[in-house]
Amino acid sequence: MPYKGLPEVVTTRRRSFWESAYFVEICKGLAVTGRHLLRNLLHTGEMPTVQYPEQRRDYGPRFRGRHRLLQREDGSPRCVACMMCSTVCPADCIEIVAAEHADPAIEKYPASFTIDLLRCVYCGLCEEACPCDAIRMDTGIYEIAADNRQAFVVDKDFLLHNDKDGTL
Amino acid sequence: MVPLVLEAFAKIVFMFLLIMGFVPLLIWAERKGSAFIQDRTGPNRAAVLGIRLAGLVHPIADVLKLVFKEDVVPAQRHRFLYAFAPMLVMVVAMSTYAVIPFGDYLEIGGRRIPLVVADLKVGMLYILAIASLGTYGVALGGWASNSKYTFLGAMRSTASMISYEITMALSLLGLFMIFGTLQITQIVAGQGELIWGWLPRWGIVVQPVGFLLFIAAVYAETNRTPFDMTERDSEIVAGYHTEYSSLKFALFFMAEYAHMVVAAALIAALFFGGYQIPWLPRSLLEAHAGMLLTGSLAAGGGLSLVVAWLYFRRARRERGWYNDSREREPGFLGAVAALVGLGLLGSLTLAPWSVGAAGASIFVTVAQTGCFIAKVAFFAWLFIWVRWTVPSFRYDQVMRLGWQIMLPVGLLNLAATAVWLVIAHR
Amino acid sequence: MAIGLTHYLGLAAAVFLVGMVGFVIRRNTIVMLMCVELMLAAANLTFAAFSRELGNEAGHVFVLMNFAVAAAEVAIGLAILVEIYRRRRSVDADELTTLME
Amino acid sequence: METFLFFFGGAVLLSGGIAAVASRSAVNAACWLVFAFLGAAGLFAALHAPFLAVLQVLVYAGAVMVLFLFVIMMLEGPVMQGESRRPRLWLPLLAMAPAVVIAVVASRALRTAAPVGFDTVLPDGFGQPLRVSWLLLQDYVFAFQMIAILLLVAMVGALALGRSERKRPWQ
């Protein structure tokens, strides 16, 4: 029963005898699936499935993978421990301990810089917040695996040389 | 006496191997076929030395996994029935096979061996009786697990069994009236005739409505979609085998496929002429056995060589795709196909065009059994095909279909058959 | 050892007795119905045995009748039991004694 | 072969029956009864009644007992439980009286009538569906019709009893 004042929108078409007899319709359905089957049998190579470990999908340049810390020419981190990224991080996964830098031109440096990759939501806000382009998520690494939770908490050294594969 | 026992034993072993060989093939066909129907690739990873056979190695991996899995059992189960139910399902699935002929007869050394395990005079009733026992394994297994989901599966199974068994019997009664016998071998033999000289007198030709009813009832009895309400994932987890794991689950799983093979064999035997090759009766096959054998050997050999050539071409094309042992596969398969083809062609030198009487008999048996197996394979595949095409019925729809549509149609079909027989035989 | 009519009659009597004892001692009405089935099976056995003895299938016909009667009895009996259970939440024969009071 | 079938089927029938009567839970009783009926089918086979043997499995084991099982499961649910109280034990004593009578009669009969095998020579195809159906549809056709009416009445009765006053949710 439609509600009062509202037009009835769902109209059921009366099914013909052959449609309700069901067997003809089943045969039509079988023809459809059979067509798919035959097409895929004859053209196995055109299957859209990506054979993952061998083939990989191409991701765009803006794909956010695992983080890395950028270095200065001398190899020290570009980070100035301003805490912008850890402040903006919605998952609260970045922990920075700041320390005084020896060079008076540079105010501070991160004595320790750890990211808990299990808590990170890969939103990329840290990249955008960073005033000196020290943290980026452009490694393209998205297969991250380890056998214990502690290994997912990665430190400064790891992030500075983050060009390994997925294993931590 | 001893040769009789040996014969029976050989036939039983043959039938057993036939079903058990079909089961992994069907599991593979289910996975691969469903994948192709849904534009996926399907299983293609498990490999033995890089040989994957398009996923055929997967059933082996599955079995190994199930064997080594922990057997988790519910604590408050009925101990005996819980363990007994999977066996019962398997036994019932296998025992229907005893009355299905897989060939006419084999004549060796003056002995005429009928190619059926047990040629019962009441074969059709035997099938119905065994099929009616099929519900016990499912119902008792579901009940003994002492879980709500399995219990619902068990209840649904008994309900559908009671409903569809009647239809099954009614659909077979028409066939029984037309062929005038309950003996499966005679029904199959009767289907070798031709109507008007060109139409095979198959069950589907003389009983089209009976065939539709039978195939629907059989789908309901084997719990396959669209009647899979005993194990519907979206409603009752996995139905009656929710609480089963490891080998007991494997038994249920295999029994489902064994049941499908049996049902396919029944459809083939009762409605599609069983082992009968259409338009090629036994006399014709025997008379031209040598010629036909030569022709089929040559054709088989040629075909194998073509397949081998295709594989070798593929091996060259795919070099460097994987950079591991899997690259050997097309080459290996091509080598096998080439060997088979050369073997078949080489056997032509043994003068197969002059086979003796025994050779002709063996050739006829092989050809008819092959035809039977091909029909069984097609109908087993039809089960899978339908499953991945048709959405399943709701529970009340199943019940209404069984009682309000199929039962009256079956009765009408029976009455019509009787009237037609009376008119035709006057 | 030759098996004759007597053996079958003795077996049928024993089975009938088992069914009768069950009918008397059990409280669950469903099980009592099952015991009736057992007794009917014993009767069927005697029919078939006499048929074998006389070489005449009339006994088989009676067994077939018995099958139909048993099926009808079970259908009606179980329907009644289900209805009773819906109203009383029990199928225990000792509790279904309304008519006694 | 027939001797073997007699002893085998008889043992199955009797033990199944006793176990069915003695088992506490109704589902167990039903299972044992199925077992017993399979034994009865073996006995029918021994009596040269293959038609009856198959029908015994088909009707009793396949339909009647499934119905029993269905109702038991519906009423008792998936929980295992036996009867709440012990069976009435004074009643078997009462039941013993006919047992004794039957035993006496049977033993007398066994002693007087020396047990010989069946000596009737059976006609060809005895007990096969063809011969039974001729008998059923010619000599006993009235009884056959009566059975049909009985089944119809039973079906209507069961439907009438099974109808619930409550409306189904999908109606």
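Here the chain labels run A, B, C and D in written order, and each chain numbers its own residues starting at 1.
We adopt the following convention: a contact is a pair of C-beta atoms (placed from the backbone, for glycine too) under 8 Å apart; a residue touches a chain by one contact, two chains touch by 3 or more.
Note that the structure is predicted; figures quoted are calculated from it, not measured.
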Relative to chain B, chain with the most remote C-alpha centre: A
Intercentroid distance (Cα basis), chain C paired with chain A, Å: 70
Centre-of-Cα separation between chain D and chain B, whole angstrom: 33
Separation of mean Cα positions, chain C and chain B [Å, integer]: 39
Centroid distance [mean C-alpha coordinates] between chain B and chain A, Å: 46
Numbers and ranges of chain D residues touching at least 2 other chains: 51, 55, 63, 67, 74
Pairwise touch network: line, ring, star, complete, or other: line
Interchain contacts (touch definition) - all pairs: A-B, B-D, C-D
Chain B contact footprint on chain A (complex, rising order): 23, 26, 29-30, 32-34, 36-37, 40-41, 44, 47-49, 51, 54
Touch list for chain C against partner chain D, complex: 1-11, 13-15, 17-22, 24-28, 30-31, 33-35, 37-38, 41, 44-45, 48-49, 51-55, 57-58, 60-61, 63-65, 67-76, 78-83, 85-86, 91-92
Sites on chain D touched by chain B in the complex: 27, 31, 34, 50-51, 54-55, 57-58, 61-63, 66-67, 69-70, 73-74, 77-80, 125, 128-129, 168, 170
Footprint of chain D on chain B - complex, ascending: 76, 78, 81, 120-122, 125-126, 128-133, 135-136, 139-140, 143, 145-148, 150-151, 154-155, 158-159, 161-162, 165, 182, 396
Contact set on chain B toward chain A in their complex: 33, 36-41, 212, 321-322, 385-386, 388-390
